[in-house]
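Chain lettering (A, B and C) follows the sequence in which the chains are written, and residue indices restart at 1 in each chain.
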Amino acid sequence: MLSKKRKLYIGAMKAAMYISTGLTAALVIFLVVYVFVKGVPHISWELLSTKPSYISGRIGILPDILNTLYIVLATLIFVIPLGVGAAIYLTEYAKNKRLVGIIEYAAETLSGIPSIIYGLVGMLFFCQFLGFKTSLLAGSLTLVIMNLPTVMRTTQESLKTVPQSYRDGAFGLGAGKWRVIRTVVLPGCVDGVITGCILSIGRILGESAALLFTAGFAHALNGIFEGLTSPGASLTVALYVYAKEQGEFGVAFAIAAILMILTLLINFSATLVSRYFAKKREL
Amino acid sequence: MKKIISFLTAALIMCSALAGCSAEKEAVATDGSTSMEKVIGVLGETFELDTGITVTYNPTGSGSGIKAVAAGTCDIGLSSRDLKDEEKAQGLTATVLAYDGIAIIVNPENPVSDLDVETIAKIYTGEIANWSEIGGNDSEIVLIGREAGSGTRDGFESITDTEDNCKYRQELTSTGDVITTVAGNPAAIGYASVASVKDNVKMLTVGGVAPTEETIKDGSYIVQRPFVLVTKADTELSESAQEFFDYITSENAREAISSAGVVAAN
Amino acid sequence: MKKNKMIERVIHGVFLILGLLTVGCVLLITIYLVISGVPAIAEIGLFDFLFGTEWASTATEPKYGILPFILTSVYGTAGAILIGVPIGFFAAVYLSKMATPKVKAFMEGAVSLLAGIPSVVYGLVGMLVLVPAVREIFDIPDGASLFSAIIVLAIMILPSIIKVSMTALEAVPKEYEDASLALGATPVETYFRVSVPAAKSGIAAAVVLGVGRAIGEAMAVMMVSGNVPNMPSLFQSVRFLTTAVASEMSYSSGLQQQALFSIALVLFLFIMLINATLNFFLKKEKD
């Protein structure tokens, strides 16, 4: 038989656990339901497929959708080679433990820096010093720095799972290091790169503070090349602008609902990818 | 993997084609006051319909807009306040495009409907702190204002002569925010561009004068400020920028300007 | 053969540069913040800047004291930790040790969603639901306050606390728990008296991570905290270090703008301190 005191302790702990978990669940459900109820009725084909018109007072978020797409593409194009390269250096080349420690600490630091600071430094460095002005390109490059640690880490994790014997085998056949990397190491890190991409896309979609100062918030409809050199709002920034500047909460919630659906999709695909590769590895 | 890439490329090309219908003529870049978004948006759009020249607008704030012109990173700067002397000294010219009334807004539930400028000043400096003192309900007045540096705040404080003395309860960073907050709090008072005010808040008359096109133009509604186009005195505008400038300062633009809720200067 | 060696060397060099990129970025950020942040501090005076209680950047006689921002950030973060950590901690214990696989899978999805929601959405919902609610419940003239910001921050740090704590708790060797159970402890006692202490550096890392998140958040708190540079008090409108930078940046000029960079520098120093702490706990966890 348990003593009263123990029973009380167990009861209290159980209650705390149930309440906390319940609270978290309730919170998520509330947020999802609230945003969807407020936002979904405002999602229409017109909203998704037009640009805003001041004359008719119509609001369309097509430019924001395209801007988001451009930013995602531009960021990934830069961040993947950089992040993968950094990871390869760490796992394949670096022998100096201290250097590895410094690099990993720097990556740790980068992922802890708040986005508002990225926004400021991005503005100073990319927009002003390098002369990119307020543009999607400046915003994307800022996001490259932000997402570099993510891609680096996921790639590193997957490189660690490439069996050492593969490398040794290739070396044994007389292949040079670069060749071993190309033929053995790189194919092994595909899952890490994909996971890194998915996580980065999630972060880019949710980003506002860093983009506000570097990419601006215009709603102009542009093709990708002129788009990259001109200012533009991503979906999240547009959400902020519509809610704050114009009090258009219907549109803001519509965007919020879209972002939430995208977040769900991203989380889902991240799970799928890791499951797929885990299975593949077992085979 | 290859399929995905080709799919992405195809999607991209389609997007570019979709968006690629912009003109060959050089676009006009404007940069500045967030309060001028609507008026410049309407003007830009009508201009584009007429001429095919696109007008880009970057709502960065009056100060940034002025800086951008001075630095040559945009064609026309937009400022919702007059240029300061030091800014004029940099060789910048100001052309008044329109006048914008600054509406004093309260919650629709609030019985107060008229205040004079002195009373507004007393309210914002904290001398009057309860609505009951001026014929309203017995509740503490919640002062909503804009952040330091905002053109609206600048205009409001200089007209009411309350510079640096306002006891704000909230300093919000945008017009829409002020309106939303006032709409959501029965004891709040705020100020915002007349053009942006919707019917979820009540506009007060100031000294018995309601902010209308006539009262703003003849100056009898005194809480107002100019919308200014900023250009460099010694550099010529690009061809398309000059065309845009001429159009918006002409009489032809009057209708478009007033459809944005502000009063054309010309 | 010689050519091959050359290529190898070049490639090695390229990878070295890529490897050093993160270090370069950190240096770049540090240098930029120092260069742009120090002049204003020098002009205002370090003491007046850090301990001045009044911020009036556009007044005719401007005052640049950021103590209100520093204290608000510290109090706000502390409040968020006080509310968020217990909830996150207990939820993590439940999910990692007791929950059925179905509940666990659902909650993991929910927590990931919570982590992925953009911060402006939190701000938006906070502005429209939380702020009016706070005003009604506490019968104060206006709900935009430190309190509202704390609630929003507490919610925003929940996912990182739950996730990191769960990872740490799941890494506790099963033998520890089995031994405790064999000795007659009930499962709940085992979780809290054996598993939790064994995972304590991981949980500490979760808390520090939460601190970092909370102190660095800008957009969401900007929409619910009122933004007046008051000295902090629970139901007053307040301004954080982050929101001080964000709200005045677009209109600022001259010394005002430089002072905003100085605020960013102060924020950065806080973050570096927190990162160092985090790293300490993570290393401990690894050992």
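In the analysis below, contacts are C-beta pairs under 8 Å (C-beta built on N, C-alpha and C of every residue); 3 or more make two chains touch, one makes a residue touch a chain.
Computed from a prediction, not measured in an experiment: that's the story for all the values here.
Shown here, the protein chains touch in all possible pairs.
Ranked by C-beta contact pairs, the top interface belongs to chains A-C.
Computed centre separation for the pair chain A/chain B is 34 angstrom, with centres defined by C-alpha atoms.
Put simply, the C-alpha centre of chain A and that of chain C have 17 angstrom between them. Across the assembly, chain A contributes 243-244, 249 as residues in contact with two or more other chains.
Annotation for chain C: residues 127-128, 223, 246, 250 touch two or more other chains. Along chain B, residues 60, 173, 177, 180 each make contact with two or more other chains.
Considering their complex, residues 56-60, 127-128, 131-132, 135, 141-144, 222-223, 226-228, 237, 239, 246-248, 250-253, 256 of chain C touch chain B. Considering their complex, residues 4, 7-8, 11-12, 14-16, 18-23, 25-26, 28-29, 32-33, 36, 86-91, 93-95, 98-99, 106-107, 109-114, 116-121, 123-125, 127-129, 155, 158, 162, 186, 188-189, 191-192, 212, 215-219, 223, 242, 245-246, 249-250, 261, 264, 267-268, 271-272, 274-275, 278-279, 282 of chain C touch chain A.
Against chain C, the residues of chain B that register as touching in their complex are 60-64, 67, 139-142, 147-150, 163-164, 168-173, 177, 180-181, 184-185, 187-188. Across the complex, chain C is touched by residues 2, 6, 9-10, 13-14, 16-21, 23-25, 27-29, 31-32, 34-35, 81-82, 85-86, 88-90, 92-94, 99, 102-103, 105-110, 112-118, 120-121, 124-125, 145, 148-149, 152, 176-178, 202, 205-209, 212-213, 236, 239-240, 243-244, 249, 252-253, 256, 259-260, 263-264, 266-267 of chain A. On the side of chain A, the complex with chain B involves touching residues 52-55, 63, 66, 69, 73, 133-134, 216-218, 220-227, 230-231, 241, 243-249.
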